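In C-alpha cells below, several structures.
Below are two complexes that have subunit A in common, paired first with subunit B and then with subunit C.
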Partner chain A sequence: MADFSLERLDVDGALAEAVDGVGGLSRAGFMAAGLGGSLALLGVAAGEARAQGPGPGDLAILNYALTLEYLQASFYTEAERLRALKGRTERAAEVVGSVERAHVRAFRELLGSKAVKRPAFDFQGVTENPRAFLKTAVAFEDLAVAAYKGQAPRLESSSVLAAALSIHSVEARHAAWMRYLFGANPAQAAFDQPSSKREVLRIVRSTNFVTGSPSTERNRAPRYTG
Partner chain B sequence: MASPKDADGSGPARQPEEPYAQRSARARVPLAARGGNRFLLPADPIRNDPSRGIPRAQFVAGAIVAGGAALAAGVAAGPLEDSSAQSERELRALQLLLLVEYTEDTFYQEAVDRGALRGELKEYAAAVASQEREHLDLLRQVLGAKADPRPGFEFGSATRDADGFAAAAAELEDLAVAAYNGQATNVSRSTLEAAATIVSVEARHAAWIRSIVGDPPAPDATDKPRSADEVLDGLEQIGLRR
Partner chain C sequence: MVVAQRRLVVLSLGGGAAVLALLAVLVGPGSEQTSFGRDLPAPPDQALDVGRPKPLSGEAHVSLWTTVRRPVTARSAPTRAASAVANLDRSTPEGTANTLLVLGRREDAGGDVWVRVRLAVLPNGSTGWVPRDAVAGYRSVRTRLVVDLGRLDVTLFRNGRRVLQARIGVGLPQWPTPRGRFYVRNKLERYRSDFYGPLAFGTSARSAVLTDWPDGGFVGIHGTNRPELIPGRVSHGCIRMRNPDIVRLGRLMPVGTPITIS
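After this line comes the complex of A and B, so read on.
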C-alpha cells in the first residue's frame, strides 16, 4: 500500500524505467462505452438534492468532493494534452478523464453559486511519463475511494448520499483499473478503509500539486522534462 | 512479465509472480492493526451472543475487525432512528446483501474447486474467493441466528470453462455493486459505514475481471443502484435457485 502513497511519489523523474503495460489485453472499443445514461442519473439525483437544498454540512462535503474531482480531472486532462501515454494507458486516461470531468460538472451543477473554484495545479512532471502517470493515478483513485467512504455516512440528504455512493464505487473501479495497468493487485484486501478529510487534505497538500489561485493556471506553460 | 523495480526506490522490488491471493493475505495485517476497533461498543453484545454459529476467533481475524465492528455496532445497537420499521428495513437489506455474498462465495469456491481456470483468471478467482468469504463471514456474523441459510445454486458451465466464468463473474460483481449501492439508504449510517468498506472492493473485483477479458472496467460515470427485486432477478439468472 505504501507503494502508492502520494507522499512517497518520486516526482523528480526517477520513475523513467519503462515497464509499460503488464499483462496482455489489447481489445479496442473502450471509448465505445457511453456515458450518457449515468450522467442523467447523477443529474436527477442532483436535481432532487437541490430542490431539498443541501444543509451546510452536506455543502461542505460536496465542496470537498468537488476539490478532489478537480484534482483528478485536471490530472487526466493534462496527461491527455501532453500525449505522453500510449496504448491501453492512453485509452484509460481518456475514459477516466472524461468521467472525472463529468463528476466535476455534476458537483458544480449541484452546488451552483456555492461551488468552490478550481485551484491551479502543477503535477510536477508526473503526467509526462507513463509509469509516473499510472502510479499517481493509482494514488489519486485509492485516495478518492477512501475520501468518499469517509464522508458518505456523514451526509444528511439521502439523494446526495445516493449520488455520492454511485460515484464512490466508480472511483474504486478506476483504482482497480489503474492498478491493473500498473501491474499491481487491483484488490489487495477484502475491506477498503475510509480516510478522514483532515488526512486526505494533508496528503494532497504534501504533494505540492496544488499551486495557487485559478487565475495563474491559464498562463502557465506545461513543464516538459522529456 | 518484466519485473518492475520498486518505482519510488524506497523499498524492495515487488514480486509480480507472487499470486495475488498471497499478497492480499499479507496486506490484511496492517489494515487490522490500523485501529479498526474504534467502532466497537463497550458491551460488545453481538460477540457474546451464544446463539451465533461462527467462532469468535474467525470473526476477529484479519481485516474483518474494522468493518465487522462497525457493522456489528450498527446492528446490535439498533439504528439511530430506532424504530421497528427501520430495523425491519435494515434486516431486509442485510439479508439481500447476505444473498449476494452467498452467491459470490459459492460461485468462486466452485470455480476454484473445479480447477478449470488458468493464468490471470485463476489468480483472480483465488484472490476474490477468499475476499468474498470474508464478506460472507462478516454478514453472517452480524445477522447471527437471523441469517437466512445458504440457498442452492446451479452455475452450470460458468464454473467449468474460462469464458463462461469471466462473463458470469463480471455480471455478478456489477450486480453486487448495484445491490450495495441500492441498499445504502435502507440502513443506518453506522451500518452504511461498514457496508461501504465492502462495496468498493466489489467494484474493484468488477474492474479487475473486466480488465482481464478486455471489457471496459468502468463504463459509466456512476454505478446505478438496483432495487432488491432487480438484484434477485439478476442472481437467479446467474444461478441462484430458490
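After this line comes the complex of A and C, so read on.
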C-alpha cells in the first residue's frame, strides 16, 4: 500500500527529517524556542481565535481550516504559475487550485478581520516535479479530509457544520482525483479516520513548507548613491 | 412456451404492483410509519458561501521573486559546468535578505531544476542561473514601476493599472541613472537622515560610474530634503522623490517589484 503521509515524502530530504531531534532539540522544543519563525502562525491561529471567546469555538476551527486552505491554495497556485506540470495533472492542478482559492475567499469573507494571515510558504521544488507534486497533493488532500473530519463534530453552529461538510466532501473528491492520477486506489478504506489538530499541525510543521517571511525591510539609514 | 409466457406476465404484473404499493406507502399519509422513519427537517443553511471557482487571472501582471537560501554561484547556463556570473550571499549590504527576481526555470538532463534570475551586479542587466535548492520559496507581486528619465517621472502599475505617478529627480549627466530592467531589492525606513527622506527602496541597479561608493553604489529610490530640486537632474544616480510621494510609494510598492528605467 502506498504511504501518502507527508512525513514519508522526500523533498530534498526535508520531509525525511524526523519530527524529533533538530540539533538536539525536539521539534516541540525547536518551536518553543522561537526558532520556527512563522511556523508558529499555525498554532497562533487557534490562540487568536480563542481570545474571542471561551473554549475552542467555531472561530478557532474556522481559522484552523483557513490555514489548511491557504496551504493547499498556495500549493496549487504555485504549480500552475510555474507551468512545470503537463496533461491531466496540469488540468487537475488548475481545477483543484481554483476550488481551494474559492474556499480561502469564503473563509476570509466569513471571518473578516478575525481571519488569520496567509503564512509564507516554501514548497522546496515539489511544485516543479510532476511525481513529487502528485504525491504531495495526495498527502495534502488526505490531510485536509482527516482534519475536517476531526473538527466537524466539535462545531457548535449547525450552519458552520453544514458549510464544513460541504467542503469536506469536495476535499475527499480532490483526494480521490489525485490518488487516481498518482496511480493509487482512490477509495481504499471502508472508514476514514479523523486527525486531531495537534496531529495535523505536527505533520504540516514537519514538512518545513511553512516558512517565515523573508526579511526584506530594515530600520537603518541607506547608503545608496543618493 | 405459452405457459412460460403467462408466468412471466403474472410475475411482471406482480412486481409492478409491489413497486406501486411501496411508492404508495412512501408518499402516502402514513409514510412516517415506514422503515424510512419520520420525515426529517431540511438541511440547515450554510454559514459561508463558497463562490464559483475562478481560474487564475491577470497572470500577465504577476512577477515572482525569491531570496538566496544559501551562498551560491550564479551561472551563465543551467548547468554546473557553465561559467560563473556572480557569487550570491544570503544578505544584502543593508542586512536584508538577498532578493532575486525570477525570470524562468528549467530542468537539466539530470532532472535538477535551475532558476533564471535577474542579478544585482554589474554590468547592469545581468542574469544568471542558480540551482532551485539554493533559493527559498517563490513570492509574487502584481506591481511594476516605470521610471522615465526623459519625462522625469515614475509610474507604478498594479495589475496593469496606474496607481501612482510622481515627478522625480535623477542622476546628473556625470553620474547617470542607469537604464534597463531591475527590481526592488529592499526597503529601509525609520532612520535618521534628512538627505534620504523618510523612506528608501534599494534597487538592483548600480551606478556604473560610482563603483567605489560605500556598499557598492546601489541606486535607491528615496525621499529628499531638497524638494525644490524635483523634477530635475540632480542626484548621483538615485531616484529622488518628494517625501509625500515616497511615503505613498512605500504603501503601494512591495519588495520584488520589477523596475524599468528608460
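Just so it is clear, the second predicted complex is superposed on the first by the 166 of 226 C-alpha atoms of A that agree within 3 Å, B and C clash if a C-alpha of one lies under 4 Å from a C-alpha of the other, contacts with A are read in each partner's own complex, and residues count from 1 in each chain.
Definition applied: a residue touches a chain if its C-beta (ideal position, glycine included) is under 8 Å from a C-beta of that chain, and two chains touch if they have at least 3 such contacts.
Just so you know, these numbers come straight off a predicted model, no measurement behind them.
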item	value
Which superposed partner A:R81 touches (first subunit B, second subunit C, both, neither)	second
First, second, both or neither for A:E128, with subunit B first and subunit C second	second
Partner chain in contact with A:A120 - subunit B first, subunit C second, else both or neither	second
Which partner, subunit B or subunit C, touches more subunit A residues	B
Partner chain in contact with A:S157 - subunit B first, subunit C second, else both or neither	second
First, second, both or neither for A:S169, with subunit B first and subunit C second	first
Partner chain(s) touched by A:A102 [first = subunit B, second = subunit C, both, neither]	both
Touching both subunit B and subunit C, residues of subunit A	95, 99, 102-103, 106, 158, 161-163, 166-167
Subunit B partner contacts - residues on subunit A that touch it in the complex	1-3, 8-10, 14-15, 17, 19, 22-23, 25-27, 29-30, 32-35, 37-39, 41-42, 95-96, 99, 102-103, 106, 131-132, 135, 145, 149, 152-154, 158, 161-163, 165-177, 180-181, 183-194
Sites on subunit B touched by subunit A in the complex	1-2, 4-11, 14, 16, 20, 23-24, 27-28, 30-31, 34, 36, 62-64, 66-67, 120, 127-128, 130-131, 134-135, 177, 180-181, 184-185, 189-190, 192-193, 196-208, 211-225
For the subunit A and subunit C complex, residues of the former touching the latter	12, 77-78, 80-82, 84, 94-95, 97-99, 101-103, 105-107, 109-110, 120-125, 128-129, 157-163, 166-167, 211, 214-226
Residue numbers on subunit C that touch subunit A, as the complex places them	43-56, 59, 62, 64, 67, 93-97, 99, 105, 107, 111, 113, 132-133, 136-140, 171, 175, 185-193, 195-196, 200, 202, 207, 210, 213-215, 217-220, 222, 235-238, 255-256
